[in-house]
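Consider the two complexes below, in which chain A is the common component and chain B and chain C are the respective partners.
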Partner chain A sequence: MKTEWDVVVIGAGPAGLTAATEAAGLGLDTLVVDEQPAPGGQIYRSVEAVHTRRTKDAALLGPDYGHGLDLVRRFRDANIPYWPETGVWQVTEDGELGITRAGEAGLLKARRIIAAAGAQERPVPIPGWTLPGVMGAGGAQVLFKSAGMIPRGRTVIAGTGPLVLLVAGQLSDAGAEIAAVLDTVTQADYHMAAGHLFSALKASDYVLKGLAMMVKLRRRGIPVHAGVRAVSVTGSDRAAGVAYTDPKGTTHSLAADTVLLHDGVVPSTQLTRQLDCTHGWHHTQRYWYPVTDAWGTTSCETLAVAGDCAGITGAKAAEASGRLAALDTATRLGRLSAVNRERRAMALLAFQRRHTAVRPLLDQLYQPRLSLPAGTPDDTILCRCEEVTAGAIRAAVADGCLGPNQLKAFTRCGMGPCQGRMCGLSVAELIAAERRVPVMQVGYYRIRPPIKPVTLGALAAMAPTAPAPPDPLDT
Partner chain B sequence: MAVSHDVIVIGAGLQGCSTAVHLARRGARVVVLDRVFPGRHASGVNAGGVRRLGRHPAEIPLSVASLEIWARLPELVGHDGGFRATGQVKIAESDAEMARLEQRAAMVRDMGFGHEEPIGRDELRRVVPTVAQHCVGGLISRADGFASPYHTTHAFHRKAVTLDVEMALDGPGATGIDRVGEHWQVASGPHRFTAPTLVNTAGAWGAGIAKRFFDEDVPLEIEAPMMMVTAPVPHFLDPVVGLAARKLSFKQMPNGTLVIGGGHRGTPDPDRQTTRLDFNKYGISAETVLAVFPHLAQVPVNRCWAGIEGVTPDDIPVISESAVHPGVFHAFGFCGHGFQLGPVVGRILSELILDGGTNLPIHPFRIDRFAIAPGSPVAPASAT
Partner chain C sequence: MFRARHDTPPEDGVTVTIDGHDVTVPPDTSVAAAALLAGLDHVRTTPVSGTPRAPYCMMGICFDCLMEIDGVPNRQACLEIVRPGMTVRRQDGARSLGAAP
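Moving on, here comes the complex of A and B:
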């Protein structure tokens, strides 16, 4: 296994693929690692397989998905070293990466690391969210893209964000029984946003696509309820239905076998957190992002971030940010003059601006409203691994707990195998709400490696072959 | 100069919190200062081993006295700290190692302590049923065990608060110390605390404080012992397991997870209060575990971390009145085994402060033992 590289790119989504293609094109010795079996990332997951073996599904996933195929082909044509099914479980400030590949752990050394780790769905701690039969709408889309699977039985989709209507349409096309869509955005908000888009910008079609999708779903007889609040999942040993309040304040309930929740996506910050990079807090979308310069360099100079893991800007902007990070990397490693970096960056920056201009509006429109930490009932679980409830966290704060790290001492919250991926956001917000201080002040969990699974056996295989000399008896 | 407290304690780790509890129980007005929350450093992130087994001879009397407090911890702090007396066993992987363990047991017996007991093949397999074939026996201390570092430190902290100890946490810590008349004045950012007595329980940072404010030299190495914990596995192990000749400390927690340590070191950054891990050494650590418990190869590691600890040249801590300044007491540099000692160290300090002395033999831990006699080529004085 070759262990020394100029650049290691983590992630083979749009940001990682463009970063790698650009970096290799500039003569940098580049490796791409991704835990998935094939390139594409979240949006273009399984795009090669779907286009060669599941052409019906390819049509159904649409031209936006098809664009991924071009991206992946360009990457494949460049013959860049690429290790699929390879998870990165730690990075260090001097460029060491811990990886697992085919069940074996190993260490790589890079002069620079570009993390293009993408986003994750925001966990939605509402009553009933831990019941079997409840999953993320994005998660359901993953199952469809990678395995052609559709949700079981009567399916209700609830939440907000471009993905809600997109997934509802895709799954319905694929034959799922979508019983209803519960959208936390109000009809009036949609129309206002659409008006803004027409007058202010021509770049984005997200909202228009959303409205078109809504019309399509309604034609198909699928009710789309806008402006819903107080969504909860009912059922005792598995999901049986959904309860919600309409804009007039009336409470309704629907029967459901599967409930798909989606409150938007948030940057995957495990890598930047594990490296203790400086993070900021996005107030409207309520997520953490690593603070960077225009090229994606984090507070740790060895590491640049690109794509959604740097802040949610979508797949198109991800392509530009991947290339920008690669250009800057080439300059830092002496392959490209600063002048040429600026020259090449101009068009990319303009492209990126065009695709991010719509974000403030989208962020405002699609504010996460399914779960509002301050309103989470005491008996709702926040930390699934250790089964810690909102009430237990409130009690810890009353008992003097100041932040998420100390909360581990009080409750074991965040100490399970997910390393806080499922509870980190809501825990910080809940503590901040209880203490009446800004979220930035309570902070986030310190994330420890490994951030991806690695077994004792895999670690042991890393040990130097000659046994270490025994230590003297410690007396 | 108005006196604000009887005692100012710098450092809210287990030693500082324990000192505060023991002092406040006897009526002293105490303030504890820290830059972070109690248990943020070594006291909250250690392996939780409550071990008399294999102690440095100078530490044996203290650890024996401390275990008595551990066994009745709820009486002191209202919580058991997660302490389980599961025993601790040090395993011999060869006859030569077993012979050394037997010598060790004899030495401890000669000192008048009976807790270290050699066991052979069969008894080893009774207490550690899944141990690998090649292991020949071990040395066991049956009343030892483990506790939860977080919960223990937190329990001492909470108890101190209920005894009206003032906690100045998560702030600047001690930023300046001055002698003002008969008293010590500690600056913590804009705040001032004044008391006749001052305790330095600043852990790995203790030598820095001793040097900067009191001009007392302790050649303390700052180290970063590394730990890892796995996903839960079905219960198979009760006692805490160590090895006679390889670095290992290994235990199964009540929730099924395996906590693995033993002394492999990462790199500390005491100024930033962070550590860097060395995964080649984790490789050795994992290999050692699998040598003794081969059935664990597929168990996923959940989290790796290191703590920041001060280590002295003679591998035992400083527990001592200042050699030069009245009313100053030090307890730091616990060399990777101070968690078990925490309950008794607080008592010792309270006795030194309130009674002017203690019955426990603390001479080996005096702070001036590292001073080099003029003209002498030999370094530190022997501790035993």
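Moving on, here comes the complex of A and C:
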């Protein structure tokens, strides 16, 4: 295993692929490590396989998905070292990476790390969300992209965001029975968001695509219930239906075999949290993001972030941010003059501006409302791993618990295998609501390595990179 | 819970054993997807309360798809790709220490 690299890129989605292609093109010795078996990230998941072996599915997924093939081909053509199915369990300030690959652990050394870890769907702690039969809408889309799978039986999709409409349309095209879409967006949200329409017109293609998706659902006769609140999943051992309240306050229930939830996406911050980078709070979309300069450099200079893990800007903007991070890396490593970095960045920044112009509109319109931590019923689970309920957290706060880290000692919340990935956001918001203080004051879990599972056996078998320090008791 | 749009003939697919049942799935399918195709409604029961759980995020975040794969427990089934002859088991409650080979 080659262990020393100029740049290690974590992630092979749009930001990771463009970062690696740009860095390698500038003469940097570049490695890409990715958790998935094939390049593309979640947005272009399995794009090579779909376009070679499953052309019928490719037609359903459309040209936006097909664009991923161009990125992947450019990356493949560049012959950049690429390790799929590789997990990163630690990064350090001096550029060391702990990885697992084919069951073995190892340490890599990079002069610079570019994290393109992407986004995850916002966890939505609502009653019944832990039942079998409930899944993220993005998760269901992954099953379609990666394995041509569609939900069986009556499927209800609930939540907000462009992905809700997209997944409803795609799964319906693919033959799934979409019984209803429960949309949390209200009339008032449309009025509020209209203020951003002018800037969004710079990226009017996004707005038109959104409208086309709505028209498609209407043509197919899929009922879209707007302005819903208090969504819950019913059933004892598995999902049997969904209950919700309409804007007039009337409660309805629907039978469902599969329930897909989606409340937007949030940056994956496990890596930047593990490095204790400075994070900010996005007030409209209610998520944490690592604070960076224009090139993606975090408060830890060894680490740059690119794509959605730096803040949600979408797949196209991610391409530009990956290349910007690579340009700056080349300058820092003495391969590109600052003048040339600026010169090459001009077009990328313009591209990025065009593709982020629609964000203020989307952020305002699609605010996460499926789960509003302050209103979560007491018996609803927030921490899926340790099964800690909202009520247990409220009780801990009443007993004097001030923040997420102290909450671990009170309740074991956040101490299960997902290491807070599924509860971190809602726990911080719930504690903040109970204490009546801003979320920034409550903070986040302290994330410690290993951030992915690694066996003791793999660690013990790892080749040492440096001689062991002398044992102080020996002298 | 989920079905495949297209059947996979045995010669084109990978056959794995999930909870004692052989299932043939396309190559590159994750173990979690294969478990859903095999008809498993849940892939584990929780260590805390013993309630059933199924894969939720399908992208390595939620750890709800933990299964025993080829004798090793607590594997993220959504991140493991099927290999011919793989043996996968549902994981009930907490895994026991020393279960790994």
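Keep this in mind: the second predicted complex is superposed on the first by the 444 of 475 C-alpha atoms of A that agree within 3 Å, B and C clash if a C-alpha of one lies under 4 Å from a C-alpha of the other, contacts with A are read in each partner's own complex, and residues count from 1 in each chain.
Everything that follows uses one rule, which is that contacts are C-beta pairs under 8 Å (C-beta built on N, C-alpha and C of every residue); 3 or more make two chains touch, one makes a residue touch a chain.
From a predicted model like this one, the values you see are computed outputs, not experimental measurements.
When both complexes are overlaid on chain A, the residue A:409 reaches chain B alone and has no touch with chain C.
In the superposed model, A:46 makes contact with chain C only, not with chain B. Touch criterion met: A:417 reaches chain B and chain C at once. When the two complexes are overlaid on their common chain A, residue A:98 makes contact with chain B while staying clear of chain C. Looking at the shared chain after the overlay, A:242 reaches neither chain B nor chain C.
Applying the stated contact rule after C-alpha superposition, one finds that A:15 touches neither chain B nor chain C.
Of the two partner chains, chain B is the only one that A:448 touches; chain C does not reach it.
Of the two partners, chain B and chain C, it is C that touches more residues of chain A.
Residues 416-417, 453, 455, 457 of chain A lie at the contact with chain B in one complex and at the contact with chain C in the other.
Across the complex, chain C is touched by residues 35-38, 42, 46, 49, 53-54, 56-57, 85, 87, 120-121, 123, 130, 132-136, 138-140, 142-143, 146-152, 174-175, 237-238, 257-258, 268, 384-387, 416-418, 421-422, 453, 455, 457 of chain A.
Contact residues on chain C toward chain A in their complex (touch as defined above): 1-6, 25-26, 28-30, 33, 36-37, 41-42, 46, 48-49, 51-64, 66, 74, 76, 79, 81, 100.
Across the complex, chain B meets chain A through its residues 37, 39-40, 44, 54-57, 100-101, 104, 150-151, 153-154, 158, 161, 170, 230-231, 244-247, 263, 274, 276-277, 279-280, 282-287, 289-290, 296-305.
By the touch criterion stated above, chain A contacts chain B in their complex at residues 90, 92, 96, 98, 105, 107, 276, 399-400, 402, 405-406, 408-410, 415-417, 419, 448-450, 453-457, 459-464, 468, 470-475.
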